[in-house]
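Notes follow the structure.
Think of it as A, B, C and D in the order they're written, each chain with its own count starting at 1.
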């Protein structure tokens, strides 16, 4: 491992974001094209390489503990990186790079690009900070970095829709982060420490009995806060508006990498630091979200809005899988985390395809589109791959993870859950066939005759995403090499605690 | 809005250097007394805001004030970044306190805290002023009577 | 009873903030509700670290002659540091929310959320 | 219509407030009891106590809050100034075209 890689992964995008406004001024004054884009992409590639070196170390069974400022836990802040964090960091870095390449050409018509790339890098840095940190209050701080920059990014285009979506996202999201803060405060009040491993060790002594009511309230607030960020159904109202109104590069970023952050905490939550049974809550929230999300998606006439509702539905699968995992179905956690990996790739791909169509035709309504398959063959093909993957058709990656979740339903002794999941999967397929036929097949309207294929950087990102979908579908072992250790690390709290607290 | 009466202008002109100096004092003594970079930066920004209210936007701000504040913001951030990376180079951890600790209670003591506070002070001053400028440029000249 | 007053007031502020967020129709009032709620949390956090008859956590030989006596009498410094961080974050959220509100007012000519929603359809 | 809304609102706030107050006063350590914390019957001391004992000789600053803000938890404060930077960039971004007209 390169020394200081854990902190560099977080700090490199952060410091690049600090100088990005100046780089923008220089680029505009001396008319250097693509300076900001190249620097942003370059930083993301460096971050990806650093995350790779961390991953090699962690998969050997290590838990990397990096003490910031040289203060040992629980007094200082530590970065604690186990296999679960590593999976998330790799996904954020990889998908972030692809989204950055995509936005280099997708955003080329907009003004204020230096602010755009500043905020993009801040989102990436915030997400990295969240998944790598070992301190509860630090988690809140980086959650706010990520949230505030995504509020601003959602309203980047400043038309009526995106301003309204931005305000809605800001109010609901801030409510969620306030709940997280209140939960952290209550934990400090009861236990007197903020380090996650220390909290886990001290709360484990309760063993689920005689728990003070403040702890239950704290858990409830934390679950609510995280669920607002994950957008499970009672708290989902911000998501469709935000994803529809945001520039598509942002929708892809929020649907791909940013989904990672919420699910990371859903996967941590049952084990660290609370260690209380939340399985049934997760299962019921997941089921409701799956069903409601897909039913709402079937009714939409707007390309991006339909995809947004499918995000809710697919996140329901992950939360369901992780919930099943806490009830003894060992496959559940693996399925949930695997589905996160697959979802992030194909959902970012689908948003990118929608963005390519929007970029070339300036329309995202099904009624105004049609017959684009001849004009944009590569977009159509990659969209088809993504659509089949999200519906769980066998040779593609969505099938593998959904199949594991189905099996977990049987393993937990609840076959009716599997039945519901299969039905939702079928509805997803129906919804996507409708979308595919109304955008890429059928009658082509007069004004779309001259539509051309998307620019090359966009195509590059889309093709790479599609290749990942096919590769994981054909060789599931590729995914299991990442997921297996991650699912184990989520449950192995004693190793985490002893690495963090047992000295350096 | 072209500024206020001559009484307000005179008093704010007299008070401005004192408030500014008080802000600098707060920033520099953050490690010895209550205060630090954030309150101090806000006080300095508030003194400039007072001048703008008294004299009007055009008389206070020279051209390129926005750009200068933006550069200042980046300089403040880079100060913090540089001190953090100094910890990596001279010590073994990010943000490690590698400077000599000095004598308890003196101004130059406590290692890197003073310099971090100076960086944050610059950054907060510039940041609050940038927010103020952005909102002022956007709403300056609009009538105030259309309430919420 | 009076000793728990801090907690009670903090919780009342939080409840008032939630009420504002759920039942008010004006964007500015929503922002105010958010600020009130966060301030309640800040009050709660700072009350966590109080020690009966405590002194400020700044060492000076006039108040506490020795370091050990200082450590035995001063209040918890950690919540104070956390509150500093949290207040700045709250300011930032409020600033962004207000600028979005200014922009929304230009687009719609109103800050009433029900009317804004009606315009969208 | 509005009156029922108001009744629901008032009832909800009263319920939320009472639930919060009851939970907090019933099972948190009483106000002013720093540094004592009770975890599962055992008495533990909060992390804050160690700062009071060690901060001054470890860092050489008299203000213990500062030693936490930039010493023990300096990374948090880096995050905090990043949040400020984020908000500033966000606000500038929202008003960007208006600024150019000026």
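Annotations for the structure displayed:
Simple rule for what comes next: a residue touches a chain if its C-beta (ideal position, glycine included) is under 8 Å from a C-beta of that chain, and two chains touch if they have at least 3 such contacts.
Note that this is a predicted model, so its numbers are computed, not measured.
Comparing the chain pairs B-D and C-D, the larger number of C-beta pairs in contact belongs to C-D. Averaged Cα coordinates give chain B a centre that lies 23 Å from the centre of chain D.
Taking the mean of the C-alpha atoms as each chain's centre, chain C and chain D sit 8 Å apart.
With centres set at the average Cα position, the gap from chain A to chain B is 36 Å.
Per-chain Cα centroids separate chain A from chain D by 26 Å. Listed for chain A are residues 14, 18, 21, 68-69, 137, 141, 144, 148, 151-152, 155, 158, 188-189, 194, each touching two or more other chains.
For chain B, residues touching at least two other chains, in rising order: 32-34, 36, 70, 73, 77, 84, 94-95, 97, 104, 131, 134-135, 138.
Contact with two or more other chains is made by residues 20, 24, 28, 35, 46-48, 51, 56, 62-63, 65, 67, 69, 71, 73-81, 83-87, 90-92, 94-95 of chain D. The touch graph of these protein chains is complete, with an edge between every pair of chains. For chain A in complex with chain D, the residues that touch the partner chain are 14, 17-18, 21, 68-69, 71, 74-77, 111-112, 115-116, 118-119, 122, 125, 129, 135, 137-138, 141-142, 144-145, 148-149, 151-152, 155-156, 158, 186, 188-194, 202-203, 205-206, 210, 212-215, 217.
Note for the complex: chain D touches chain B at residues 56, 59-63, 65-67, 69-71, 74-75, 77-78, 81, 84-85, 87-88, 91-92, 94-95, 98-99, 102.
Within the complex, the chain C residues that touch chain B are 26-28, 56, 58-59, 84, 88, 95, 98-99, 102, 111.
Listed in rising order, the residues of chain C touching chain A in the complex are 14, 21, 27, 30-31, 34, 37-38, 41, 44-45, 48, 78-79, 82, 85-86, 89, 92-93, 96-97, 100-101, 103-104, 107-108, 116-117, 119-120.
Interface of chain C with chain D (complex): residues 3-8, 11-12, 14-16, 18-19, 22-23, 44, 47-52, 54, 57-60, 67-68, 70-71, 74-82, 84-85, 88-89, 91-93, 95-96, 99-100, 103.
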